[in-house]
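See structure below.
For reference, chains read A, B, C and D in written order, and residue numbers begin at 1 within each chain.
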């Protein structure tokens, strides 16, 4: 099977290339790049020397010759390739935001400043978070060429961290706060002041507070999961930070609990004491519920008590690690959640979607054991 | 004037030593260390060669000979030196938690596992956050030898970030969430797995979720500031993280707003849209209020719109940088706050307290311009 | 096939475990650990959760049940397990220095402070640098149970960087200088001041100058390669540094050239001018010679002109990248050389040796495409 | 006294601004910037808020109004301002290479690709390495307006590391190798692929091997110092590396020793044994000689035996730390040398030159105690 990657020389495209080159079902790669057309991938990324060697084609060439096409392009420019793939009858897996909002064009255009180019393509598209939409992905794929809106990096972590609480109805009405930090690869390959070593090393800062484009995507996912169990959708606050590391997203998610899931002193207004045994037991109960919810998921690990999610434990892998905690008063669920932003947060999830579409085992080509360092 | 530093060879003690050695009112240092008694400070910290040279004495010797005594000791062991200083009539500035809880011994012992050794010392002690207690510090110092409970690093950032909202009554009843991350120097000088380079570099993780000892200190500060303006104290959730950097604490603080300070769509339950002009105007109003609140403070900078607090902008300095934001719906105030954990979060604040006690200009010896890198 | 790993909980052992768990010819692992016997590997390294799960046995148990035994132990304690393996007729691959010096016990004991415990084992042992000793490894393995002295991390880089110059006789008599820097994982898992984040982050320093134990190993390798082509062995100076990164060794190697390989102005004593075209042509000639020398090696990449070896281009892989340069006067060959210290510098090379012994393709289980970040 | 800084918004200019703002003899700053003219320095560098506030002027304005003018400009554009200063009778301290080569225009133009614009200015210029040229700087300054060619960062470290060996005649004829690594701030403020966080973090690599422009500057300094004691100038090889840290240059310098300074087995061709007591004694002798050479220098620290130079011990300071070692055979002196590239390697040394010119104590405004982290 031949895979095409449009936008192969950005970081997400290069990570896709790396993963696909090691995927046992992929026999060849067609790589396309606007910036480096005519060169070879190993000229742009010499770490591929001896491993991946391919000319950089025009986008159309990659789209026209492959059995599955991935696009890692800026938002708003990939729809023509999606259309071409639908016409050719091959799946199109899009890492931009273009297909993440289904038919909610209003929200997309409010945040991304553009209308849909071919709105009708959304009939064939699905938001590609397998833990949310696996049946729908399979269904669409069975019916014809599917378009995948591969999730954003932050929304992947935030959603997987909150889903069980939403689905099982243990979250109270109110606001869920997602406080998250990403490694610098999340900013992509283009040099800029924000990602200049001297100005982001050894420092931590939030950015786009109250205004990051991943906010509506996370809110939509929360609403979808809440609706599935008849819950009201929660309000959302999302704050991204830039952390001085290369890979990884750590999300710390604050979910107010329904009274029955709180510890007794759960109002948080009494004396501020260390967490009681009851608080730990409540946490254990919720941990069990999470473990059960993700029982059959190949890439979600709910950590045992005593561990907290850490980005280095998922390094280079498609895992999402989740640890479950309560605040000291037992009123609020605190979920910590680590993914590799380049893998489960981008290229790995795209490959997972390909595996779902073609009926491969979902771990195919994604079996990297995390590397710790 | 001679300054004594007990516990001079831990990181906080060494930072105190560095700052005091450059303080124009300090003529000499008496340094004490249990672990390295008999050696010299420059044997333990060769970066001091040619700059700071002093023998490492017994704690009693440093306490007995100095005009002001700093202690950077583990919790629960410094009270005898405090008593000695009171007897000698010299100020004692304690960087441990022993004097942070005033006469609330119950809370101290619940979190630190020890009773007070000499409870009566609290008649002479005050929590040394100048922005909260400057008048009380001066008053006690005028009346005799004062004991300073120098604030914890996280509580310093969290408190300075929330104080204006609490004091001005713009925070609604509810829960304030402090999501904070510290550089690794916060873990001190003793090698351990948690701070082993290979296991914390290039990674981010929370720790002691729901159970960090700084929780009751932050809650108490919030309550004190709220009470001053007749407000109910808010509930508190505090989550610390370890970030792969040496210095700095970044706190992101979520403060629910009273209805009149919210933007109109402030419920957070409508469509998730980018922040409106109204949201930005509300934020500007709160920024003004913060700026006004800290007008006369020498070490708090409320950043102009468009900037977010970043730890590298306060590096090596006693500054606390604060940036003001609202969530996209305008319901919640998001304060980002950066300090250097070793300076404003520990040794610098201790020196600031000394300056307050002795009536020096508060910036004396603390005039380092931040270094960015 | 069952692989045993003695010392599985140190960093080299854990990396071996990670590689072997993904090796298609290995069906099971017997892991042993003195420090954590009775626990499971995933208790010690939770990043293995869901991927590698095994009890931690006694060393004897791992040695007694496996078809190939790896030992990642401190120097001087593994010989009994080697003997046991020889008796059992299975290969023993030792990552310590115990079998790196063949029958030169004098040098071993001068640097490691211990005699050989079972000197006769050296009849079955070979220094396991495949690029130097592949035929001898195969020969010994064919004749019975072989013991591999797996090379040190620095010697691997230094040797691969200098071998072609020595073998082809282009290096002049004189001194070869190896100036190298290692990431912090090279210091192992045990916390210590040297590897405490706060004291090694954002800093660079040499260590053990003139006295590092890898010096005689490098010198011996140089001598062996020189002898093979009838050259005199060069003198060696080796200086290791600690660099603020997790993985990787970068070696910069200065090799004086014979007159015929120098550029004409090669004495270095004329005016100091930018490198001439002749200098670049001489470098190109030597690059060709290196490329030819490593033509059939699966893990050595001689980089094209214009690239310099960088540790991030070999991250997570068994590659050794080599770039070829001359000084501006054309008198001295400067070879830059990057390996991942945990892979080609330790565990990966051990697996490569296993592949050689059992006749597997050498890339089996070592096909990781480098990750850049 | 008013100081002017032309090019105030580059990293060297901003560091100059930071140091001059804290200098007790400087009463005001005139800052100039081509890129940000019309803005204020605190707009470009918000970490200066509350500390340094000044409009960004045209270069001519800063040059015309100041009592001393610093220029931190690209090579080849600052001569007109130098001429203006000479005409105005005020000192000009130039951080570019334009005045580092005195009347050797041939070397300058061979490496920098430009001729001198006003060659006659070299009558008033001097290479501003105080440890080499202090008397000449004073002499020129006494005679009229002096122009300082402030040294390059690498040449500062390399020269200070080799000077005593050259001056005292203990280095043999032959080649001195300077293997050095710099932190990323050395690359300046302009974003580029080389200094993009994701591509230089956690990695080490050499660059411009055999062709870095600091090579002729180092060679000239070596020759000057050798000539002063009637020695032949040594050949030089210089290799720079980029290290994943913000500040600091670590130079490891290999200097062949004359026979009488070698340990007896100094040929390096015998058995490779750990360093003997004699080797350590020879090193101690050379250390003494270095200590004596720098006895009166305020910013050079020759470290005692047992310590190696490390960049974190000079952080934020104008110090140059030097440690003295021999290779294991006692044939070659190995000097390790650490400076802060932004301070002693650029802005601090420029301020030191100003102090020399105006007869201030050389430590004025440069008394920062190193920060370790």
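Going forward, a contact is a pair of C-beta atoms (placed from the backbone, for glycine too) under 8 Å apart; a residue touches a chain by one contact, two chains touch by 3 or more.
The model shown is predicted, which means the values in this text are computed figures rather than measured ones.
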Chain whose average C-alpha position is farthest from chain C's own: B
Of B-D and B-C, pair with higher C-beta contact tally: B-D
Whole-Å gap between the CA centroids of chain B and chain D: 37
Distance between chain centroids, defined by C-alpha means - chain B, chain C (Å): 47
Contacts with 2+ other chains: residues of chain C: 185, 198, 201-202, 244-247, 312, 315, 372-373
Sites on chain B touched by chain C in the complex: 11, 184-185, 187, 189, 191-193, 195-198, 200-202, 244-246
Interfacial residue positions of chain D with respect to chain B in the complex: 14, 18, 21-22, 45-52, 185, 201-202, 246-247, 301, 303, 307, 312-316, 319, 367-373
Contact footprint of chain C on chain D as seen in their complex: 106-107, 110-111, 175, 177, 179, 181, 183, 198-199, 201-207, 209-211, 215-216, 219-220, 233, 235-237, 239, 241, 243-248, 250, 252, 254, 267-269, 271-275, 279, 308-312, 315, 323, 325-329, 331-332, 334, 336, 338, 372-373
